[in-house]
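These are the structures, in structure tokens.
Both complexes below contain chain A, partnered by chain B and then by chain C.
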Partner chain A sequence: MRKLSPVLARVTLVVVLLALWEILTRLSSVSAILIVAPTTILWQMVQILVRTSNVPDFYTNAWLTIVEILIAFGFAAVVGVLTGMAVASSKAIGDAFEPILLVLYAIPKIILYPVIVLMIGTGPATKIVFGVFVGIFVIIFNTAAGLRQVEPDYRRLAHSLGYRGAKIFFKVELPAAAQTILAGLRLGFGYTIIGVLTGELLLVNAGLGYVIDWASVNYYTAQLYALIVITLAIGVVANYVVGLLERRWVR
Partner chain B sequence: MTSAQARKYLPLVIRLAVIAIFLAIWDLVVRLGWIDPLFLATPLDTLEHLVPLTEHAASDIGITLTAFLSAFLAGVLFALAIGFAIGLSNYSRKMLLPLLALGVTIPKVTLLPLFILWFGIAQTPVIVFGALSGFFPMVINVLTAGGEVKPNQVLIAKAMGFGPLQIFRKVTLPAMLPVLVSGLFYACNASMMGVFIVELALARHGLGAVVHDLAVTFQTADMYAAVLLTASITVAINMALWYAAQYFGRWRN
Partner chain C sequence: MPIIEVTGVSKTYHDAATDRVVRTLDKISIAVEENDFLILLGPSGCGKSTLLNIIAGLVPYDQDGGRVLVAGKAVTGPNPKLIAYMFQDPVLYPWRTVLKNVEFGLEAQEIDKTQRRERALKYLRLVGLEEFAEAYPRQLSGGMAQRVALCRALALETDIILMDEPFAALDEQSRILLGDELVSIWRRVRRTIVFVTHSLTEAVYLGQHIAVFTARPGRIKLDIANDLPRPRAIGAAEFNQMVDRVWQQLKGESQAASASGKKAAREEILLPKE
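On to the complex of A and B.
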């Protein structure tokens, strides 16, 4: 007998697990408040997407979350890459800032969350700032590391070819570091999504966090599962698209 | 001072200057009234409140550390068991790695309402969510670490008459250790995040709850002291693991 390809085996495993989940939920007497079957979730997702569900203003809230994520990532990307460049620009500055950045990196960002709420309030800005905080450090680190890895020989060669200053940076150093920087941006995007959604789930006053909380406190369990699956799917699709873009740019 | 000495101390001077400027700005924005003291306490106020707060929060520190340690250990042990079991065959590794990698990237915090629905509002959801957060990065590192073992070296060891246990101790483990230790660093950070998120959300026990209560009652200086205390504890633990990872990384080369 030939073995299944790993991809096919993976799909089979997921299908079997979903089928088991479906059968066990239908057969057992576990309350529908705790667990609902996958087909129920799927049906509820369809209803939410065509707006026949009772979830309040789904599209407005989902859109808000997506906008928050995009703004937070744009900010984290620009400031993160620039900070990384500054850190890599000289050995003295790099040595000076590295320990500070490392300590900031080692703090679980979540404990700064109440500080941000206290200083900025409970609006979208809080979630954006928190998303930036969670996402920016890996972007800074990868930018600095990528620029430092550039072979000094490249720089010397460019210099002997008559390139100077900014031209060396944009024509030689930046392309040579691009792969590491883009990897940092991809990881940073994933972290930013996690940061913004953490803010949403803790504040629960707007966005997908709000509708999830609405379903949760009203014990609309099917809606709750469906909204969670939709939110996770947004995260997975966004990460996948950014991964594709990264591979495309690296080539 | 010679120029070589100057170059050696320059980073330290820049670093201290940056920290001093940061503290000065922090102090001035409150003193000059640009930010209401209701929302931001001065550095000195924060420091003054640190000791009384630590005494006040002693039991919550214990609760958080216990929850974190249980979550971290459970997540790591589970990841080691699953990781080694899957890593035994190349086939199961190829099949399951993408699913486990998905576990790292998806925003698990979205599942929080479900965890509360299933596990209630005592310490169980805190520990389960912390363990799950630490599990995924660790299991990925266990599987990556398995790839560090060179089949040739295992073959040579076998030819030299080493038993399975000896091969594990002398060949497999040393090759895997650096990646495993850096996995511990990521798992630790993720576990802490997980524990604090649930503590903040439930606002019942632990340091997360202390910070939450102080914030909503506007005991600002105490809250900043609590954040400083929590940050110090977590940074100490994380940095210890970071240096351990660096040490084992060098030790391999």
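On to the complex of A and C.
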């Protein structure tokens, strides 16, 4: 038997499933409110992107979501990595503050959302704060873990060669921990997206989450699916870009 | 004048696990002449590595009158312009190429880029690893990795090289081959080498002098001059005689060390906390 090509197998599976979905939808009499065919979704996506669909202000909303995600992730990344460094910098600091972070990490963040809305209001800032809140912890913990796992000999060697303080940190500890830190950033990015979109779905006043909700409550099922696919695509592209940056940094 | 002079140096540390003060070196004195190849040989736990670390300035010693002079100056910290230090493990940074690993020590001294590269390549050539300059450490065998570490130490072009059981983790063949290389490099470039090992054969094979340690707390029991002609043949009659002579000195200490290992539980070698 010839060797199975993983890519071919994967594409075949997806194509077969889509074809089944298409055929079954076309043949059955299930209401278009419940399910729509893949080609219908694709057509709806095109309409949304060329602004001929009835989705309100698609680009404004999509852009808002993207900006919210980028700001939230930027903040989570910078503050998360710095906090992780601080926690890992000394045993005393770690012992003192890490339990607080662990408690915050463990609670389901969604139950705090109403409080955030009360404190900050219903604007983009609320979604950004929530996105940060959901995404930051994995970044903190991975940064701290990465730095703590640096082999003591790595530091000893640098020390014996005359390196000290900040130079040891930047030339040895940070590169040694880079992989773990980047893995944390990647996870944190995914969580931040979830946080921002959850915030939008709950607030329902702007952003992709808002238009998805709009399509849902108005039974525009084709639009709903099309928007979900677009949102997923943004997520996939963003993840790919982060992956590229990651490979570039680690090599 | 000896290039390294250790006079009456002790080392005690507080062992957190047992909450006791442990003395690993007891008023140790040793002088190393320039261009010597000195072996520090002793039972495990006798403090020979500690002494090496103290000479390297990596570990402080007790401030009770002892002193360590290297090239006539008191040791206060690492001095990579004078001393290169080699660990038991290669300790290569996996994110750096072989060349960049060798250059790492020179970077600290802010030697400019082309000069750094040239010097690193020169020593990689010396150990036959030039073609691996752009490889990453994960692509190297254990012996090759330790050769790179040797390059990194040599590239500093220091007068003194301190080596802490550098070949202990290698298989026997690589160990002998690397030892040969080290000796031939030492004979050509004339540096002072202090080499810690617990292998009798390695000690006799490599060293000009062999300092035998007592069991903990470590003192130098005897300094044996090893004037066997080079190249030395492992297993030759005079080689075996020398091994035997060293072993006669070491034997009692090894027995004492393994006995005190048991005694440690009974706190015999532990000093009460002051």
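Just a few scattered comments:
Heads up, the rule we're going with is that the second predicted complex is superposed on the first by the 248 of 251 C-alpha atoms of A that agree within 3 Å, B and C clash if a C-alpha of one lies under 4 Å from a C-alpha of the other, contacts with A are read in each partner's own complex, and residues count from 1 in each chain.
As a working rule, a contact is a pair of C-beta atoms (placed from the backbone, for glycine too) under 8 Å apart; a residue touches a chain by one contact, two chains touch by 3 or more.
Because the structure is a prediction, the values reported are computed rather than measured.
When both complexes are overlaid on chain A, the residue A:A32 reaches neither chain B nor chain C. Judged by the touch definition given at the top, the superposed model places A:G162 against chain C, while chain B stays out of reach.
After overlaying the two complexes on the shared chain, residue contacts for A:L82 are found with neither chain B nor chain C. Once the two complexes are overlaid on the shared chain, A:G190 sits against chain B while remaining clear of chain C. Partner contacting the larger number of chain A residues, of chain B and chain C: B.
When the two complexes are overlaid on their common chain A, residue A:V241 makes contact with neither chain B nor chain C. Once the two complexes are overlaid on the shared chain, A:P99 sits against chain B while remaining clear of chain C.
Once the two complexes are overlaid on the shared chain, A:R10 sits against chain B while remaining clear of chain C.
In the superposition on chain A, no contact is made by A:L20 with either chain B or chain C. Once chain A of one complex is fitted onto chain A of the other, the partner contacts of A:T198 are limited to chain B, with no touch recorded for chain C. Contact residues of chain B toward chain A in the complex are 7, 10-15, 18-19, 35, 39-40, 91, 94-96, 98-99, 102, 105-107, 109-114, 116-118, 189, 192-193, 196-197, 200-201, 207-208, 211-212, 215, 220, 223-224, 227, 230-231, 234-235, 238-239, 242. Touching chain C in their complex are the following residues of chain A: 151, 153-154, 156-163, 167, 171-172, 175-176, 178, 250-251. Remark: chain A residues 3, 6, 9-10, 13-14, 33-34, 92-97, 99-100, 102-103, 106-115, 117-119, 190, 193-194, 197-198, 201-202, 208, 212-213, 215-216, 221, 224-225, 228, 231-232, 235-236, 239 touch chain B in the complex. Contact residues of chain C toward chain A in the complex are 56, 58, 78-81, 85, 87, 89, 91, 93, 95, 104-105, 107-109, 156.
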